[in-house]
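The letters A, B, C, D and E name the chains in turn, as written, and every chain counts its residues from 1.
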Amino acid sequence: MNVEMILSALPTLFAGAFVTVQLVVLSLLLGFALALAVAFGRLSSNRVISGITGAYVFLFRSTPLLVQIFLIYYGLGQFESIRESFLWPVLREAYWCAIIALTLNTAAYTGEILRGGIQAIPFGQIEAARALGMSRPLLYRRIVLPQALRTILPAYGNEMIQMVQATSLASAITLVELTGAARTIASRSFQPVEMFVIAGALYLAMTFVITQGVRWAEKKTATG
Amino acid sequence: SVMALSGCGKEEAKQAAPAPGGIPNPLRVATEGAYPPYNMVDASGNLIGFEIDMMKDVCKRMGTECQFIAQAWDGMIPALQAGRFDAIVAGMSITEERLAAVDFSKGYTTTPAYLVSTNANPLQEADYGIERIDLTEISPDEQAALDKIKGLLKGKVLGVQTSTIHANFADTYLADVVDIRRYETQENLALDLQTGRVEVGLADAITWNAFLQRPEGKDFSYFGPGFDGGLFGRGQGIAIAKGRPELLAALDKAIADMKADGTMKNLSVQWFGFDSSMP
Amino acid sequence: MLDLLRFGSEGWGDEIASGAVMTLLVAVSAYLVGLFLGSGAAAAKLSGPAPLRWLAALYTTVVRGVPALLVIWLLFFGGSGLVTWVATLFGYGGRVELSAFAVGVAAVGIVSGAYATEVIRGAVRAVPKGQLEAARALGMGRLLILRRILVPQALRYALPGLGNVWQMTLKDTTLVSVVSLAELMRQAYLGMQSTRQPFLFYVTAAILYMVMTTCSEALFRALSRRADRGVRRAVSN
Amino acid sequence: MSPVPIVSGSVPAVEVEALHKRFGDNEVLKGVSLNAAEGEVVALIGSSGSGKSTLLRCINLLEIPDDGIVRIGGEQIAMKRGRHGMMPADGRQVERIRQRCGMVFQSFNLWTHMTVLENIIEAPVHVLKQPKDQAIAKAEALLAKVGLSAKRDAYPAQMSGGQQQRAAIARMLAMEPKVMLFDEPTSALDPELVGEVLKVIRDLATEGATMLIVTHEMAFAREVSHKVVFLHQGRIEEQGTPADLFGNPKSERCRQFLSRDAQR
Amino acid sequence: MSPVPIVSGSVPAVEVEALHKRFGDNEVLKGVSLNAAEGEVVALIGSSGSGKSTLLRCINLLEIPDDGIVRIGGEQIAMKRGRHGMMPADGRQVERIRQRCGMVFQSFNLWTHMTVLENIIEAPVHVLKQPKDQAIAKAEALLAKVGLSAKRDAYPAQMSGGQQQRAAIARMLAMEPKVMLFDEPTSALDPELVGEVLKVIRDLATEGATMLIVTHEMAFAREVSHKVVFLHQGRIEEQGTPADLFGNPKSERCRQFLSRDAQR
């Protein structure tokens, strides 16, 4: 193993890892916000709203993420009208295409998880809040979501970890994130194993941070 | 596919016991089946293509029987090392990187690499003063043309297919002037040429021909000289696990014979439309 | 153009269909393996002795931490060696070759199991304590409580998460093409590369995946309805 | 001992007219009409399943009545015809009315993710927008009143049945509602604590709060209420002052119901 | 009325010796010793939070005591030192004992995914391996006895508090346990139903069942029990026949506790 070569590769790998972290954090944040809307949409008594969100969830959960990334990056780029619209400066960039695709994808899965968590809340808990005159938004913010989040923590941990893995697909649209960086160096340096071991360790570290975070949150929300 | 671990698992490279004389019968040959016209699958699921025909001939000359296995590109080299088959014939270019992991027969085909852009691009108009650049030994003329190309490409976005000799070439010769984008497949590179996200693409002539002949490719053309030799120099070869000299020698002999009696050229013309066999 | 999808030797229909069958076979078997592993690991995490808990934590962290493809490769290239080694311990001499199908199912199942673990663990935690106490107070044994009370109630909380894991497993089957299993995506890719009709083949594959997911969604919904019997919901849909 | 005199009785604080409610085929309320003047304490008695809880739940719209009118402080809850029968026309109005109309549940329904103190200050801080420290001060006073100061930071799962019930009462009192609905507020309490609750209810009544109390303890009903209502199979079979109803029940069914108690 | 005479008293059906239980810093049971002869009905009274529920839960090992001995029908529950303090040495033994030792919970804990009938036949069919039709026949008889025949196929969420409580009692009775632990079995019941439960308990006592009953209703305790035990802050402060304990309490604390009830 060539230590010098590995040292010289580290800056590139870390730069790639930084892009990965950005993708994960941004798409998780945006995705969660969207997921809330999706979950509420699915639970809405308005048939149109629940129908639309249902279709969205179905579409994004039933097709591979890679296909979604491709469609957003290559598919939308096919249309002359999009290339000439104000959207193009954003859609032109692989970075934003990746964020959009990852966000839409995680929102569909997270929305489903959230819906399950919300529906699992015991009836009486919500009634008590209603009886005290809480408005719907307040009820959701103070009672429903805190309790739902507690039950969905493990499942949402899964989703966050899968997002870390999923960012590697962004290398398919030329983004040099961690996997992309490792590949590029590997194909130049003839030392693929070392590169992928390092990249793997970095991914594992990110996963570890998430699992520990979930464990911490679980402990913190445990109530007797 | 997330990671290409080509070259991984050297330590487990224990081959199946070699047959007497070192030539197994049948010879298990892996191919991708998705790289026309080198290798592909027809509508009834049969493997066909230049390499399939060639390999059948090679096997006949070695006095053995070919048994083809269709295998995704990603797992090929590790599976070869693990002894799951004896040879890979999949349009695989002979590169230093791969030579560290496996042995290659002599090359059987080669094609020059070309740059492509839209017809309207000013790059098309420039005079490069030379048709071919042989990277094995770069002459002053060739160096001048190379410098001119670098000058004109400065600041532009160049697309290549990832982990290919073309990517290596771009890394070695152009990395300081262009922004290199890496694509999983040639198809994707072609798509981004059309959207304008990349201005210039680099790939081999056979691949470009297929694109330029399609309706989407009608707005695009080659420009500048073709590149071969040096980095590109070794062409495509048959990969086998390390430490099987008899098999390697037999493959080399069969290929040399096919080149000598014109079989290779005929097959090439039949499948590619021109002679791309290596001298 | 649709001629390309005919069955028989002129068309790709039979190849695509066999790919879809292979995908389903691998996915269903792997999902079952995953549920089995996931239940075991969740049980270990919830109430196992310390060594088992650590083992389960290691399993879920590592397997979820590295790309699924890597797990498949490790099994594909390391699995035969391991099995051979075990076989020699039992006095068997030759080399054992694992079938590609077994390796593919095992690998995807191991990944699926790591995710299922967390879903199941969360669901079990969500079952109100009183429900289990009532069963214990009636002298029901651990297995009986598990079968009659815990599983039916935990299913209510687990089904959405398990649905997600199923979707993931179904899509992870595309990775088994590296062990030369001709699943749907691989067949579509072959057809596309050989005919240069990417649109046709990708759309066909996508539609087939959607058919599979539609059917499985319906199944999960039916299961959910059954699991939710007797539940009074303040939030419904 | 007998209940405090009613302070004011000009406008009925709660008015229910011809209320109907069915679950599937099962008609649980078959036209119930009921008045409670301001400051009046009404005890609801009746056998299990007679619809007492359902009646309370209909009054603050936790259950949507199929038919009938509910007025709180003279304000009628506007209803409209929805997809599945009737529904409230104005969500805001329902929220506003619920703020003035507190409820203690038969099964307590404390929020499991909050400590007792958090349970109590939740609605004052977030619904009434009281400053947090003020809400805490009041919550602590209430906890002291119901004898739960030591359990301030315990979660519901860590408390005994009686402790949960008292916490639920404190949670409602913190909102200082004008109308209070109690669903068996003393079911988990020992005689000593029942006495405490009785005292609290008397105090509240003097301050003008109107109360509807479902109870199984006839002695408690007799002591606490100005009016007793006997519900039977979804109908009001009889109502009157405690003295009248307990002393001299008119309907056969009511006599029978009370006889069991008298035997002891 | 007074309790039925004890049929047999040779071997104590339940024996508790020096039981200790703490939750964190809070010592809830501080050395409780208690006997119940076969066929004896023991009423447990005491203020809220005094440890009554915890004591019942320790007896059938739903809560693991920190120290002390529990014997059921003369059989001592073997304990060993485990990871977190004490634990039962033999899971089988615990299951066997629980089959003979039924419990009705303060919060009912009916299984929400099963109808009332399914709740009742669950343990007889799967634990005692009774034939299903036989179990159903018996369940229906029990439902009739507690007045719930109409709710046979209802889910717990569709029932009133009193209906749930009666279903929980029926679920326990279906196992025909020798020892029965009741945690406030009448809290949600009206006087009429309390009378019914009283009758059931008397019948069971004549048949030789031993019962420990936590209750807040002193009248009920007086009528149903052979022995009354007053628990105060985790200790048994006083015990005796109902006549003695209610008529002439010795300890100051007990007198005070009972005085509230007498006032009414």
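A few comments on the model shown:
Methods note: contacts are C-beta pairs under 8 Å (C-beta built on N, C-alpha and C of every residue); 3 or more make two chains touch, one makes a residue touch a chain.
Here the structure is a predicted model, which means the values were calculated and not measured.
Following the contact convention of this document, A, E is the list of chains adjacent to both subunit C and subunit D.
With chains reduced to the mean position of their C-alpha atoms, the one farthest from subunit C is D.
Greatest Cα centroid separation from subunit E: this falls to B.
Work out the mean CA point of subunit A and of subunit D, and you get 47 Å between them. Subunit A and subunit C have centres, each the mean of its CA atoms, that are 21 Å apart.
Subunit B and subunit D have centres, each the mean of its CA atoms, that are 82 Å apart. One finds 51 Å separating the Cα centroids of subunit A and subunit E. Along subunit A, residues 123, 125, 127, 165, 168 each make contact with two or more other chains.
The residues of subunit D that reach two or more other chains are 107, 157-158, listed in rising order.
Shown for subunit C are the residues in touch with two or more other chains, namely 67-68, 70, 156, 232. Touching pairs of chains, sorted by label, consist of A-B, A-C, A-D, B-C, C-E, D-E. If you check the complex, the residues on subunit A that touch subunit B are 70, 74, 77-78, 83, 92, 94, 165, 168-169, 171-174, 176, 179-180, 182-184, 186-188, 190, 192-193, 196, 199. Interface residues of subunit C facing subunit A in the complex, by the touch rule stated above, are 60-62, 64-68, 70, 115, 118-119, 121-122, 125-126, 128, 156-157, 159-161, 163-165, 167-168, 171, 174, 185, 202, 206, 209-210, 213-214, 217, 232-237. Taken in their complex, subunit A has these residues touching subunit D: 45, 124-125, 127-136, 138, 142-143, 146-147, 150, 221, 223-224.
For subunit B in complex with subunit C, the touching residues are 1-3, 5, 8-9, 12, 33-36, 40-45, 69-72, 74-75, 78-79, 81-82, 187, 210, 214. Chain contact summary for the complex, subunit D toward subunit E: residues 23, 45-49, 53, 106-107, 158-163, 166, 184, 187-195, 216, 218-220, 223, 256-258, 260-261, 263-264.
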